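First subunit A sits with subunit B, and in the next complex the same chain sits with subunit C.
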Partner chain A sequence: MTQPVSPPRDTAGKIPPVGRLTPWRALPARADVRTLSLLGVLAALVVIGGITKPDEFLDTRNLQLVLTQASVIGVVTVGMTFVITSGGIDLSVGAIVALASVWATTVATQEYGFAGILFTAMLVGLGCGLVNGLLIAYGGMVPFIATLAMLASARGLALQITDGRTQIVSIDSVLKLGERDSYVLGIPPLVLVFALVTIAGWLALNRTTFGRRSVAVGGNAEAARLAGIDVRRQRLYLYLLSGLCCGIAAFLLIVLSGSGQNTNGNLYELDAIAAAIIGGTLLSGGRGTITGSVLGVLIFTTITNIFALNNLQSDVQQIAKGAIIVAAVLVQRRTASTN
Partner chain B sequence: MAQEPPLLSMSGIAKSFPGVRALDGVDLDVQAGEVHCLLGQNGAGKSTLIKVLAGAHQPDEGTISWRGEPVTLRSPIAAMRLGIATIYQELDLVEHLSVAENVHLGHEPTTAGFVVRGRTARTSTAALLKRLGHPEIDPARLVGELSAAQQQIVSMARALSHDVRLIVMDEPSAALDPDEVDNLFRIVADLTADGVAVVYISHRLEEIRRIGDRVTVLKDGRAVAGGLPAKTTPTRDVVALMTGRNVEYVFPERPEREPDAEPVLRVRGLARDGEFDPLDLDLRPGEIVGLAGLVGSGRSEILETIYGARRPTAGSVSVDGRTLRPGSVRSAVGAGLGLAPEERKAQALLMLESVTRNVSVSSLSRFSWAGWVDRRAERGAARAAVRELSLRPDNPEVPVRTLSGGNQQKAVLARWLLRGCRVLLLDEPTRGVDVGARAELYAVVRRLADDGLAVLLVSSEVPEVLGLADRVLVLREGRVVHTAPARELDEHRVLDLVMEGTPAS
Partner chain C sequence: MSHTTSRRGLLFGTAAVSAGALLTACTSNDTKDDKTAANNQPAADDKPGKHVTIGFAGPQADHGWLNAINDNAKNRAKKYSDVSLEVTEGSNDTAQQIGQIETLINKKVDVLVVLPADGKALTQVGLKAMRAGIPVINLDRIFNSAQAYRCYIGGDNYGMGLNAGRYIGEKLKDKPNARVVELAGLDNLELTKQRTQGFDDALKNYPNIQKVARQAAEFTVESGQAKMAQLLQAQSKFDALWNHDDDQGVGALRAIQQAGRDDFLMVGGAGALSAFQAIKQDDGVLKATVLYPPTMAASAIDLARALGQAKGVGGLAEFEIPASITLYSAVVDKTNVDQYMSTGFR
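Moving on, here comes the complex of A and B:
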C-alpha cells in the first residue's frame, strides 16, 4: 500500500511535448460550448423580456424576484444533479420540501425561533434523504420506486400535519430575511444562499473525492465497486445530500412565503430534473454539471417570468417548457455526435 | 468461380467519423460458399466495415454489389432482406424473452397478421437448434438463463431463420471452449456446403488456418492484402501485414532464481458451493502463478472470490498474515489486492472519463486532504504510472474510450500500480488485445513481478499461461487437478489435464 510508484523509466524513448494540440484537447471546449449555448439562450430570453416588457422586465425589483424564485428550485436542483450524476433519480424532492416546510412551521417548532425553523427544515430533509438512501443503497430498491414511495408518504404526512391549513410564520427574524432592507448590495439573502449552495456543489462535484466517487458510481457502478469504492455508502450520502438540499430549499420557501403549506414544492421534481438535463447532466449517469443545472434553472425561471409579465397563462408556459426540454436535448445530441 | 460474379463485392469503401478516417478505400470480394476471413488489429477498420455491410453505417464513398448488381444498404433491414446476417461480438439478444421469441424477433409467425403462433415458432426454432448441433437448448427457455456459448448459438439460429446468403461472424470463438469451437467450425462447414458465404473475424490465426479459404488483412482503414490463401500464407507474413512487425507471441524471460520470500497471499480452503472446491494457494512476491482451465472450470470465480467480489462459502484469504473480511472488495483493496477483470469495459473502466481519472479512482485518498482532491498531484502520479507502463498515447488526459484494448488494459494496471498493490489478479488480460500489443503487455506483467508484485493469472489461452506464468494450477470442474512449474508442462499436457483431469504420463 505504501509502495510508491517508481519514477518513470526511459522505456518509451523520447516523450512528445505535453501541451501539444490533439483532438482530445478540444474536449473541455465541448463543455464550454454547452455552457456558452445555455448562456446564449439565457441572453436571448433577457432580450426578449427587455423588448416585450422593457419597463417591467428589466426593473431591478423584477430581476431580484426572478433570482429569488430561482433560488428555491435551484438549491433542489443542485442536490438532484448529484443524484442524477450517480445514475439515480429523486422523485421525492418536492414532497420533502413540502414536509420540511410544514414541519418547520408548526406552532411547536416556532417556539424555538429562527434556529428551530432552520434546523427542523434541514433535519426533516436529511431524515427523508436517509430513508431514501437506506432503501436504495442497502435495501436494494430501485431509486425510481423508493423515491416515488417517499413522494407519496411525505406529501401525505405534510397534509396530516397541516390538515390542509396554511401555517403562518410569526418569527420576525425569519420574515425579515425576505424583506428589502436585509438585501446585501441589492442582492436578496435567499439568492446569496443559492449562490453559496451552487459554489459548494460545484466544488464538491469537481474538486472532491465525494464528487469523483459520485461520477464513478454513475458511470459504471460495477467498475466502481471493483475499484474499491464503497458504492452503497456513496449512494446513501447522495440521497442524504439531496434531502439536505430540499431542507434548505424549504427554509428559503418559508422565508419567501412567510408560511408553510402542504402544497409547497409541487412538481419540483420535474423542474429540477428538467433543469439538470437541459444543463447537460446525463440522465443515465456518469456526467454532471452544476453550472449547466443552474443555467437551466435560470432559463426556466426567466421564461416563467416573461410569460407572466406578458399575461400568458401557465398552460402556455408548460408547453413552452416542454418544447425547450426537447430542443435542448436534441441540440446536445447533435453537438455530442459531431465531436 | 471465375465467370460467376462474386456474391458480394465492395470496392473503394470509405467512411469517416469526425476526426477519424475509419475506412480509406477498402475492397472486399466474397464468393458464395467460401469462408472469407477478415484480419486486422483493433482500430484497423474491421468493425466499421462489417457495420457498413450490415447496413448499420452508410459509406461516404465506394460501391457495393450483390450478385453483380449494385445495391445500397440503407438500413439493417435492407441488408437482412438481401440475405446478409451479422452476428456481433456483443450479443444482441433480449434476455427476458424466450429462445424462440428471440429467434423470430421481428418476423414472428402469425395468424391474421398479429397473433403469434408460439408453437410454430418453437418447432421451427427447435429444428434450427438441432441443425446447429444444440438440440438440448429448449426453445421455451429464457435467453437470460443460458450460458454465453448457448446464447451465441441462439444468435446464430436467429441469423439462419432468415433466408441467409452471407453471415458475418465477429469473433465468434472469443467466448467459447475448445469443444464448442469445434462445433462452431462444423456449423460453418455445413453452411458453406450449402453455398452460404461466411465472413469470419478472429484474432486467432490458428482458427483462420483451420476453416478459412481466403484472408483479407486490414490495417489503418485499408486492405493491405486481399484474398490471400488462408491455409498456405505463412503466419509470419500475415502478422507482418497486420502489424508491420515480424512478431507473434513473445514472452519475456523468466528470472533464474526461484522466489523465496514469504508468501504475500495465502488462500486456505477457499470454496464456493457449486463453483469451485476448497482451494489452497500461496503466492510469493515476484511470482506469476497461472490458472489454466476451460470456461466454466471456476477460474474467474476463484479470482473474484479471492478479491471479495463474491462471498466464499468456506475458507479464508490473507495478505501478509492479515485475514481479509470475506466478501469485501474494500478489505481486499485495502490489503493490497488489485483485479484486472475479464470484462474491462463493464467491470473496470469509466468509459466517459479520462485515463487519469480511471487510473486515480482507487487511490483518491492519496491525493486528497479532507476530501479535497489535489489535481496536480493526481495528474502527476497518473502520468508517472502511465509512463511506467508505456501507455499510448502518452497524454493521460485523453478519454479512456479512445484507447486500444491493450492500452485500456494498461490503464487498469496503472490503477493498481498507483495504488501500490501487492497482489495483482489478472483475468484474461489479453482478451480483445491485438497480437502486436500482447507481447508488450506480457513484458509489462513480468516487469511488475520482477519489481516484487505477486501475480495470479487466468487465461483461456494455454500458451499464454505457459509462456508467462512461473507455476501453473490446472483446473477442471472447479478442482485443481495438477500443479507444476510452467517449464515442466506443455500445451498438450495441459489440454489433456483440462479435458480429462488425469495427469497423463
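Moving on, here comes the complex of A and C:
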C-alpha cells in the first residue's frame, strides 16, 4: 500500500515484462526452487515411509489411500489458494463443507438421488461463498470477520439440520463411487476429481486474466483498481470460487464416508491455510501457487499416513505437523533469499 | 477466567465445607420427614406424587449420544404427570452453562440434573446449587467435589474397555498369536484413556492376544473412515477390532467395506441404532457393541423425581437414593440385541 501505483507482481513477486508472455519463460527460477524444495520434502517422506514400512507404504493400495485422503482437503485448498493470493482469507471452508454435506444428505434431498445430492452440495457451497463475497466485496467487511461469522452460522445451521445425528446415505450410485469397483484404471474417482480441480485451478491462476487479476488484487488492490480491474467483482468471484470448491469437497466427503455429519470438515480452514502457506502462497497476498498448495496437501497427508502405519499416536502427529510447518516456511525463506 | 474461578473457590469453598453440606443434607431430610419407609414407596412407582420441577442443563447436542441424552431426559419427564422439566439450551461453553444453571437456581427448581460440558469447571455452580438447597444429580461427567452433588450417575469408561476386552478375549482365547487392533476416540479426553486402560487390562488375561495397533479418531464419521483406512493398510492381518464409538464406527465400517476386508470381528462402543441393526443382521464384521447407555439421563430424571418426593429407589432397601451410581457397560451381541434395540440412538 505504500507504493500505490507499483504494477502488480506476478506469481514470484517479480515485475512482469510488458507485452505478451511466453508461458514457459515466464515461470521464474525462484518458483522452481520452491517447488523443487517441496518435491524434495515429499521425496524424503517417501524414503522414510519406504524404510520404516516397506511392505505397507510402498504399495499401490497405499498410494490410492493417500491420494484419496488428500482429495477432499485438496479441493478445498485449491479454492483457498485463490482467496489467499488475492489478499483475503476464508475461515469458513470447514463449516461450509459441513453445511453442504448435511444439507445434501437430508432425507428430503436423498429422494432426488445422485443428482440431488451433487447439486445441493454445490449450491450450498456457492450460496455460502456468495454471502461471503457480498459481505466482503460490497459490504466492506474484513475477510477474517466475515468468514468467521460464516463459520459460526454455517456450523450452527448444520447442527440444526442434523440435530447432532449422523445422516447415512442410502443412494447406491453415490456409495459405489467411493468403492473399489469404480476405480478407473486403478485411479479412485475422488482422486480424478481432485486432479481435475487442480488442473483447472492451475490454468485459471496461471493462464487466464481471472488468475492475473486475482494476483493483482492481492499484490496491490489500489493499483489493480487504477489499472482498470473491478476489484470488488473480482473479490466476489473469488469467494464464490472458494464456496464452490467447498461444495465439491462436501460431495467427495459424502462419497468417501457414506454419510453427512455436522462435525464434518473439522478444522479444514487451518489445514487448507497451512497447506497453501507451506506451498509458497503469500499470506499477505500477491503470490499464489496451485502446484505448491497441492504439494503441501500431499506432504501433510503422507505424514499422517506414515505416522499411522508406524502406529504413532495423535499427540506425536500433531507435534510433527507443527514442526513441519515451521521448518518448511523457514527453508523456503532461505531458498528464496539465497536465490 | 481462572481468576474468577479461584475467587469463587475462596467464597464458596469455605462456606461449602462448613455449612453447605450440612445445609443441603438438612433440607433434603426435612422434606423427607412426612414420608417414611422408602421400602414401601419405591421411586420406580409410577403413581403420581408430590409435584417436582426438575431443571436440566446439558451440553450442546452435537453428537448422536448427547442428542439421545436429551431425548431420554425429556421423554422420561413426559411420562410422569407429577414432573415438569425445565431444559436449558445446551451449551459447550462453560461460562454459558454456569449462567444457565444459575438461572435455574434463581427459578428455584426442586432438583437439578446437570451434565456438565466440563465436570471440573462446573463444580462451583454445583456447590452453589447445593448451598441454595437444591439437590443436584450429577450426570456422567463428574464434579470435582462430592459436595457439589447429592447423587452421581454416569457411565463406566474403564468398564467399557474392560468388557470389550473380555468379549474379544473370550472369542479369541483358543487362537494362537491373535492380533487385536484398537480404534480409539478423541485422545485428549480422559475418558478415552480410561477406555484404553480397561481394554488393555482385560487383554492382559489372555497371553495369546497381542494388541498390535492403536489409532485415535475424533468421534466423527469422517475421522473414523480416515483412521480406519490407515489401520487397515497398516495391518494386513488381524483378528479383532475394538472401536470406542459407534458414531465414528459408521466411518470405520465404510473404510472396512471400501478395503473389502471381512477377516476379523469388530466390537463397537456406546450403542447406536445403526450398530444394533448391523449386529442383528449379522452380515458384516460388526458382531457386538459395548454400551455407554444414554438411558442414564432417564434414570437421572427418575432419581431427581425420587429425590423431590423424598423416596428411595425401588428394589433397594435404602430410604434414600444412593450417592453414586455407575452403570454397567453391557455387551450387546446377536443374542440380546432385540432387548436393547429401543435404546439405540441415531
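Quick notes on this one:
We adopt the following convention: the second predicted complex is superposed on the first by the 312 of 339 C-alpha atoms of A that agree within 3 Å, B and C clash if a C-alpha of one lies under 4 Å from a C-alpha of the other, contacts with A are read in each partner's own complex, and residues count from 1 in each chain.
Note that a residue touches a chain if its C-beta (ideal position, glycine included) is under 8 Å from a C-beta of that chain, and two chains touch if they have at least 3 such contacts.
Only a predicted model underlies this, so the values are computations on that prediction, with no experimental measurement involved.
Look at A:111: by the touch rule set out above, it reaches neither subunit B nor subunit C. By the touch criterion stated above, A:228 is placed in contact with subunit B alone, subunit C being left untouched. Once the two complexes are overlaid on the shared chain, A:261 sits against subunit C while remaining clear of subunit B. In the superposition on chain A, A:215 contacts subunit B only, with no contact to subunit C. Residue contacts after overlaying the shared chain place A:308 against subunit C, while subunit B stays out of touching range. Within subunit A, not a single residue is touched by subunit B in the first complex and by subunit C in the second. Across the interface of their complex, subunit B is touched by residues 1-9, 11-12, 15-16, 18, 22-25, 27, 207-210, 212-213, 215-216, 219-220, 222-230, 282, 286-287, 338-339 of subunit A.
In the complex of the two chains, the subunit B residues touching subunit A come out as 18-19, 307, 309, 329-330, 332-336, 339, 341, 346-353, 357, 361-362, 364-365, 368, 371-373, 375, 381, 383-385, 387-388, 390, 393-395, 397-399, 402, 415, 417-422, 451-452. Residues of subunit C that touch subunit A in their complex: 60-64, 66-67, 187, 212-216, 218-227, 229-231, 233-234, 236, 247, 250-251, 254, 257-260, 274, 346.
Contacts from subunit A toward subunit C in the complex involve residues 53, 55-56, 59, 61-62, 65, 68-69, 159, 163-166, 168, 178-180, 253, 256-259, 261-266, 304-305, 308-311, 313-315.
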